[in-house]
C-alpha cells in the first residue's frame, strides 16, 4: 500500500468518524466552543492577556486532574454500568500504596506508581471476584450497595492505617517545583507532564481496548452482556479485567491528583464529584469525551470564578455542576455518549 | 411449607391482618408508657433513646419519600439529602426568625419541596439512569455550599437553631405524660411524629394501590410499554419526583421538631448516600422497608461508634474476639474510623445474606409460618367463586406465557411426548 | 444503705427539714434548695466514715448544707479550704470579678455533685475521632495522659480524673447527639474541650440551660467570652479576632512599608473572624485590604485563588485558613516566581510536623511564613531544658505514647488548665462541686507552664472572659532546605491580657468596624 | 448432536416450557414452528442455559444443563437471538472479530473476507457502528458473526422477523447453502413456516410449552392442522 493510499484511507476514516459523531453533536460542540471563545476574547481584553493565559493554565491543570479520574470512572461504568462509589477510594488506596512503595521502601516515584497500579489492579480483580461476581451484573442495586460498602471500608481502613495527617505525594516528574514562563504566565513543568501523562494514558487505554482481544471482549461485554455470553466471552473474567484496568487508571489518576491536593484518606472526595461530572458530561462511555469534559469543567470553574464577580472562587465549583445539568438537559447522553438507554 | 395457610378474604385472614396492625399499634403506644410500666427494653424510657427513636421515625419518612422515586418509579436519585435539608431549613428558619410554630411549618416545607422537587425532577423527564444519578448527586453536593453561601439566612457552617427559650415542644397538660419531667418533651414529639409518619405511610400505601400508583409501577417495570399503554409518562415522573421531595421535606421538618438544630454538613452527600443504603437495606420497593432501613441508619453506626470508643458496652463474645483489634487500635490516630470499617463490612454481609433487603428476609421467614394465598377480586369475578383457580400459572404473568389457542388440542391432551405425524394421524384415525 | 444515710442527714442537717417542707412546694426555688441540700448531705454521710481528706470535705459540705438552709451559723470561713472567700455562700456561688451563679436558675433535678465522688471526677469530651479531622481526636488521649499523671500522683484530693471521649467526626449535629446523651446519662461533672466552633455553638445553649460546666472549648471563636449569655461556657485559645488584631499591630510596627493586603479566607466563621479582626484593627493605619478570596472546605486546591491573589500584587497576604489548605497555600506562594508578599498564617497551622513536613517532602520549605505563637513548641530543641516539657517527654514515653505528636501536647495544655480548675474548686466554700468548678474556671489566675515566657493566662469573672490574649510573631526559619526549620521570634511580645474583656466588647468592636 | 428431553424452563416462578422433546442430528436443518408465545424463543434460550431449566439437554452426548452460556457457546453452539443481538456500539468489523472470540487459529481474517464476500453490504459498512445498520444488514451481520465462531450448531431465532420478503428469501437461501456446502447443523425457530420448511429436513411444532408434533418437513407441510395454523391455506 502506497503512502498516498494510506493517507487517503486515513482521511476517509476521519470523515467516517466525523460522520459517526453526527451533525447535531458537531453543532453543539461548535456552539460551546463559540461561546467560550467569545468569553475568552472579552475577558482577555478586559483583564490582560497574561492573567487570562494563567487562568487557562490553571483550568487545564485542574481539568486534566478531573479527566484522569473521569477516565477510570468511564472504564468502570463500561464494566459494570453502575455508579461505583468505591472508585475514588480505590484510587486513594492505590495512591497510598504508591506512597508506601516510594516513601517507606525507597523505590523511585515513577516505578512506585507503576507498581502501585499493578497492585491495585490485582486488588480490584480480587474485589471483583469475591464481592461483585456473585451478583448478577444486571442486579444494579445490589452491586451499587456493594460499592457503597467498599467505599466505607476502604475510606475508614485507610484512616485506621495511615491516619489523617496530610502527606506530600512526591512529583514523579523531572524539574519539580520549577516552572517556565509563557507570555508572562507561569506553567509548572510538573503540570505539563501531568497533561502529557493523562493524554498518554487515554491513548494507551484506547489502544488496549481497540487493538487487543481482551479489549474487544471488554467492549463487547459493556455493549451487551447477553450477546457476549452467546459469543463465548467469559463475562466474569472480562469484567474483572475492566475492574483491574479501572483501578490501575484510578491509581495513576490518584497519584497525579495527590500531587496537588496532598495525600490523606479523603483527598479523592474533593475531586471525585467533578470527575463524575466530567464523565457524565463526556457521555459516560467515551474515554476521549471524559477528558474533553474534564478540561471543560476545569476551565469553566477557573474562568467563572476568576472573572465573574458574584460567583467568586467559592461558588465556582457549583457553577460547573449547574453547567453540566444544563448540558444534560439539551443532550441527555452527554457530549460524546452513545444514545444507549440503560436502567440503574 | 408454611405452618398456617390463609386464604385472602377469609375471616381468618382478616383476623391475621387486623392482628398484625394491632400489634404494630401496641408497640407504638407502648413506647409512650414504657416509663410508667417499668418494662423498657433498650432503655426506651430514657430521653436520649426516645430522641433516637424519633430520629428513626423522621428518617423512615425520608426513606419512604426516596422509595417513591427509586423503589417505585425506578429512577436513581442521590439528591434527597437536599430535600430533607430544604425542609429542615424551612422549618428552622420560620421558627427561629419568624416565630412560627413548628407544626405550621410542615405544610410550607412540603409545598416548597414539592415545587423544587418538580423543578429538579424535570431533568428526569429527559435524563435517565446514571445521568440522572449524577444530576441528583450534584444537587446533593450543591445544597450545603448554598447553605454556607447564604449564611445570613441559614446560619452558615455554624448552623441554625431557634432562640434559647423557644426550642422546646411541650405537651399540653391533658396528655398523660405531661408531667413526666424530661421525658415529656420527647414523648410529645414522639406522638406528633408518629401521627405525621403514619399518615404519610398510609397515604403512600393507598397511592400505590390507586390508578396513578399502578401507572408508576408500570413506569418502573417497563418505560416503553407504559408509554404505549397511554400513561402520561412525563407527568407521572415529574409528579412522583415532586411528591417524593415533598415527603423528604416533611422528614426534614420532623427532624427539626425532634432536634431543633440544622447545619450544612448534616444534609450533605453522606446523608444522600445513607438514605439509599437505608432504602436498600430495608427493601427497595416496599413501603414498610423504610422502617428497618431507618433503624439501621440510626442505630447501627451509633452502636458501632459507641463500641469502638468503649468496649464495655459490647455484647460478650464479640468483646473477647475483638480484643486484640482494639488493643492494636489503642492510641492510633484514626482509631475511631474502625467503626466505618465495621459498618461497611456489615453492609456487605447484609447484601450477601439478605440481598432483597430486610423486609424481604422477614417475608421469607414469615412464609415459613404463614402463607397467604392471593385471591384478587378479578379472579373471583372470573370464576364466580371465592376460590382461586388451580392452574399453576396465572394469565397475568405477561407476554411470554400468553397461551395460544390450542391448535391440536386433541393430540395435546392425550400424548405427553411428541408423536410423529404418522403416529398422530393413526391416533387420530382411531379416535375419529 | 441509702435510707440510713437519709435518716442520718435528717438528724444532722437543719436543711433536712427544709427538704421535707419543700417537697410539696411547686416553686422553683424550693426544689432547687432540695437538690443542693440532698446532694451535700449524701456526701456528708459517706464522708464521715472514710478518709481524712473526705472528712474535711464533709465538714465543708456540712457547712454548706447549713447555709443552704438559710441559717447564719457556720460562718464563711469555717471550711477547711484555707480561708477561701469564693464558693457557695447563702445559696449562691460567688466567684471573683462579680461572677456569681444562682443555682435556682438551674433545672429542678440539677445535682451539684453529679460526676463527683470520693474516688472519681467524671469529665466528658466530644471530638472527632473519625473522618477528615480525626487527628484532633488524639487531643483527648493527650489530656487523658496528663490526667493519668495527676492520678498517679494523688489525683484531686484522692479523686481520679476520668475523661470519657466520644467521636463526633466534627459534625455539629453529631456533637449535639453526643452531648444530649452525655447530659441524659447524668454522670459527668463537666464537659471539656469540645472541638470546633460550630460544634460548640450547637450545644452551648443546652449546656448552659442544664448548668453543665462546658469548659475550655477547643476553638478560638470570640463567642466563648459571652460570660453574660452563656456563663457556663469558657474558651482557652487565643481567639481568632484577637489574633488578627495582633497581625495588624505587628505589621504597622515592623513593616510600615507594607500598604496593600490580600486575604485568603476559609468561607466559614473561622475565616471570617480573622477577617473581621484584621479589618477592625487596621483602621487608622496605612494598611488596606485590596482583595479577599474565599474558598470552600471542599476545594481540591487553591490554584485558582492564588492566581487571582497574585494578580493583586499585594504587599501582604493573610492565610486565614487551616488544615491542608495552609500547606497548599504556602506551596502556591513559594512556587510563584513573581509575587513575594509577606505571608501571615493562622496560628492553627503552627505545628511544624503537621503542616511544614509535607512541604519538605515536596521539595519546598515554607520559609518566611509568619504566625502568632503563644505556646511553646515541645519539639523545639530550644525548649529542651524546660522542666515541664521534660516532664511531658518523660511521661508520654513512659505511657507508650509518641511525644513528637504535638496534638498530645495540646491535650496536656487543656488538661493542665482543667486540673488547676479542679484544684481551685476543691478549695472553695462547699468543696469540689460543679458550681465551684464553674467559679474556678472563670477565675483562673495561674499561668500555663507551656505558655511562652512573658504571656499570662488569666480570667477575671465578668471583667475578663478570655484566658489567653497575647502572643508573639514568629518567623518560620529554615537553615537546611531539606530539613524542617523552626519558628524564630520576630518582633516584641504583644500581651493584651485583660484588655479584651468579654464577648460584648468584641462584638461592639467588630460591629464598629 | 443435540438431544432435548423433557425440558422444563421457567422465568422466575413462572414455568414456560412444560416438557419439550426434540433432537437435531449432525448436518440437519431442523425447524421448530409455533405461534407467538408457544415457547420457541424460550427453548433456544434454554439450550444456551440463559434461563433456569429442568430436564435433559445433551450436546454431542454430554449433558449441558447447569453449564454457563459462555461455556456452551465455547462448545460450538452459535445463537443468533431474536432482535439479532448485534453489538451496536462496535463497528461491523469488530462485531465479526467478536464473533471469532473463541477461536485461536490464524484464519480469522480469511473468514471475515469470506463473509464480506457473501454479504457485500457488510463490507461497505465495515467501519460503521453496527447500530447504524438497517434491519436486514443487522441480521446479516448477526448471522455472519455467529458463523465467525465456526460453530457446530447454529441456533437461529426468527431470522425472518421484520425483514422484507426478498431479504428473507436470500437469507434462507444462504442458510440452505451453508448447510449443503459446509455441512452446518442448523436449528431454526420460525413463525414463517413456509420459508422455514423449504430449507428444513425435519420440523417440530411447539404449543403452550410442549412439543406436540414432529415429522419431516414434507409430512408437516401436509398436516392439516399445521397447514391451517402456520401455512395459511
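Order of writing sets the chain letters: A, B, C and D. Residues in each chain are counted from 1.
Rule of thumb we're sticking to: contacts are C-beta pairs under 8 Å (C-beta built on N, C-alpha and C of every residue); 3 or more make two chains touch, one makes a residue touch a chain.
Bear in mind the structure is a predicted one, so any value in this text is a computation, not a measurement.
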Comparing centres built from CA atoms, which chain ends up most distant from chain C? D
Between the pairs B-C and A-D, the one where more C-beta pairs touch: B-C
Separation of chain B from chain C, taking each centre as the mean of its C-alpha atoms, in whole Å: 43
Between chain C and chain D, the Cα-mean centres are separated in Å by 79
Distance-wise, how many Å sit between the C-alpha centres of chain A and chain D, to the nearest whole number? 41
In chain B, residues with contacts to at least two other chains: 145, 148-149, 333-335, 337, 339-340
Give the residues of chain A that touch two or more other chains, as numbers and ranges in rising order. 156, 159, 163-165, 265, 314, 317
The answer for chain C against chain B in the complex is residues 108-109, 128-131, 134-135, 137-138, 141, 164-167, 169, 171-173, 176-177, 180-181, 184-185, 197-198, 201-202, 205, 208-209, 267-269, 296, 298, 400-401, 405
Per the touch rule, the chain A residues reaching chain D in their complex are 13, 16, 20, 213, 216-217, 219-220, 222-224, 226-235, 285, 338, 340
Tell me, which parts of chain B touch chain C in their complex? 46-48, 51, 145, 148-149, 156-159, 161, 164, 167, 181-182, 259, 261-263, 265-266, 305, 308-310, 331, 333-337, 339-340
Chain A partner, complex, touching residues on chain C are 130-135, 267, 293-296, 298-301, 303-305, 307-308, 311, 323-324, 327-328, 334-338, 354-355, 357-364
Please name which positions on chain A make contact with chain C in the complex. 51, 54-55, 58, 61-62, 65, 103, 156, 159, 163-168, 170-171, 176-177, 179, 181, 186, 188, 257, 260-262, 264-266, 269-271, 274, 301-302, 305-306, 312-314, 316-317
